[in-house]
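Heads up, the next two complexes both have subunit A, just with different partners, subunit B and then subunit C.
Presenting the complex of A and B:
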């Protein structure tokens, strides 16, 4: 039994009363493959393959109007979230992406800067997005309201989607893991089997969610120019 | 020596291409060959400044990189070495909370 189900999400540590758990945010830097030799090794080949695929994907989504190299923002975003999500699955390592603190500080400035860029440089274009093509005249005021709301909640949905997914997975694994002591010993293999399945699911979720946040930010940025 | 510079002792014409895992200063007796009686003097000769300590950590990191991460036909072993290390570090960070988990069965 747990005293507190949410203790896995507690960033505080007892060392000097500093929240050292947040250090796991930059832990991914140690895992990134470095270029040292001219000829790439297997890690580099694999990593470059992923980055190239993402670059091509984001380039088509951003369209012709985009600035050269703007895919790098979203590729970096993807790798940052990916390393945080994946490392967070391993025991004792803190998952910083399960906190709105981190996810909202990524998504809000990103969305806000896109919006300011659009309002300043493509004002007409930004307003035209508030009414989808072919809207009947009578529905136009409501469509503006709906589109405005759906635009304003975007940074929130980006952040909450990721955070909720990470929290849900960790909670499930914690809950299941804590039934162990009260479980008949002979049936413990069932529990372990379910945990392994859950762990595979969570690994998939970690990758998918980092991809989703990167692709949605790409789409939001492609709308402003 | 400013931040990001090569070590003072490094000379490209003598040492060849820079290796971040190598110590370019005057070599001392390797630690494994130090006699017990000489241990105090050996430690006395060490440079204990923060930048020297960071330099030693950086060389150790690159020695590890060369041995496990950088080989051409590398596998997943280095990732698991890093993972075990990270899990240990975070276990130590959180030990103050984790030690109470052994009392859960009494709740």
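Presenting the complex of A and C:
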């Protein structure tokens, strides 16, 4: 009997206070060596197709002012989050993206570097972003306040969005799965069907959320230059 | 959540950043090798001399 919903992942082994659960973050890297085979294979072609599509999309989002290879970090961010999300759906693999620990440590440095870059290099531009076009004169002080706040909480929202989305689906599946033993046999089939549907939804959410976090950080970076 | 309690945030921060950099490195060197024999018919298509991904 689980006393806590997350007690599957209770750390029994740890090194320097980092539990071995977090090692599942590296798991995505095990897929990537396929792309370094000398003979071209499907993995490679498929992955490069996705990355090129994303590259073209991010390049249009970043605009003309952007540096040449600046889509690269967002594509890597996408692949990092994607592998973590997708692998987290599998049973007994720890979902490290469902913790603020990971998402904050990715989004906070990104946002901070954007802010430093923007405020140091394009100070006027950053100030002009505080008031959207067509704001009435009376509303201007409030708009500055609101825009400043929304700018400051950006890394938080970015992190919490991913975390909450990952936790919500897993929680739903765990709760439904735990009711199984108390169910009559006929209802079990319905339960399993619903679980499969939820699993499909979760795998979609995993891909969508990794895309969302990549595209939002792209948009944030396009605002600073 | 018991696994959240004694968390060493700084250390895990460096851990995640390291993994993120690893992902960066792996993605940087992934490329599609072009088969030259297939492209012989239309030689006007420029061959990419660089093997790694041209950004």
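By definition in this document, the second predicted complex is superposed on the first by the 205 of 225 C-alpha atoms of A that agree within 3 Å, B and C clash if a C-alpha of one lies under 4 Å from a C-alpha of the other, contacts with A are read in each partner's own complex, and residues count from 1 in each chain.
Throughout what follows, a residue touches a chain if its C-beta (ideal position, glycine included) is under 8 Å from a C-beta of that chain, and two chains touch if they have at least 3 such contacts.
All figures in this text were calculated on a predicted structure; none of them were measured in a lab.
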item: Which of subunit B and subunit C A:36 touches, first, second, both or neither; value: both
item: Contacts of A:135 with subunit B and subunit C, given as first, second, both or neither; value: neither
item: Which of subunit B and subunit C A:222 touches, first, second, both or neither; value: neither
item: First, second, both or neither for A:203, with subunit B first and subunit C second; value: neither
item: Partner chain(s) touched by A:195 [first = subunit B, second = subunit C, both, neither]; value: neither
item: Touching partner for A:24 - first (subunit B), second (subunit C), both, neither; value: first
item: Which of subunit B and subunit C A:71 touches, first, second, both or neither; value: second
item: Partner chain(s) touched by A:151 [first = subunit B, second = subunit C, both, neither]; value: neither
item: First, second, both or neither for A:174, with subunit B first and subunit C second; value: neither
item: Comparison of subunit B and subunit C by subunit A residues contacted; value: C
item: Subunit B/subunit C common contact set on subunit A; value: 7, 10, 21, 36
item: Subunit B contact footprint on subunit A (complex, rising order); value: 1-3, 7, 10, 12-15, 20-21, 23-24, 27, 30-31, 33-34, 36-37, 39, 41-43, 87, 90-94, 178, 181
item: Complex interface listing, subunit C residues touching subunit A; value: 1-4, 6-9, 11-13, 15-17, 19-20, 22-24, 26-33, 55
item: Subunit A-facing residues of subunit B, complex; value: 65-66, 69-75, 79, 82-83, 86-87, 90-91, 93-98, 100, 104-105, 107
item: Contacting residues of subunit A [partner subunit C, same complex]; value: 4, 6-7, 9-11, 16-19, 21-22, 25-26, 28-29, 32, 35-36, 40, 44-45, 47-48, 51, 55, 68-69, 71-73, 75-77, 79-80, 83, 96, 99, 101-102, 105-106, 109
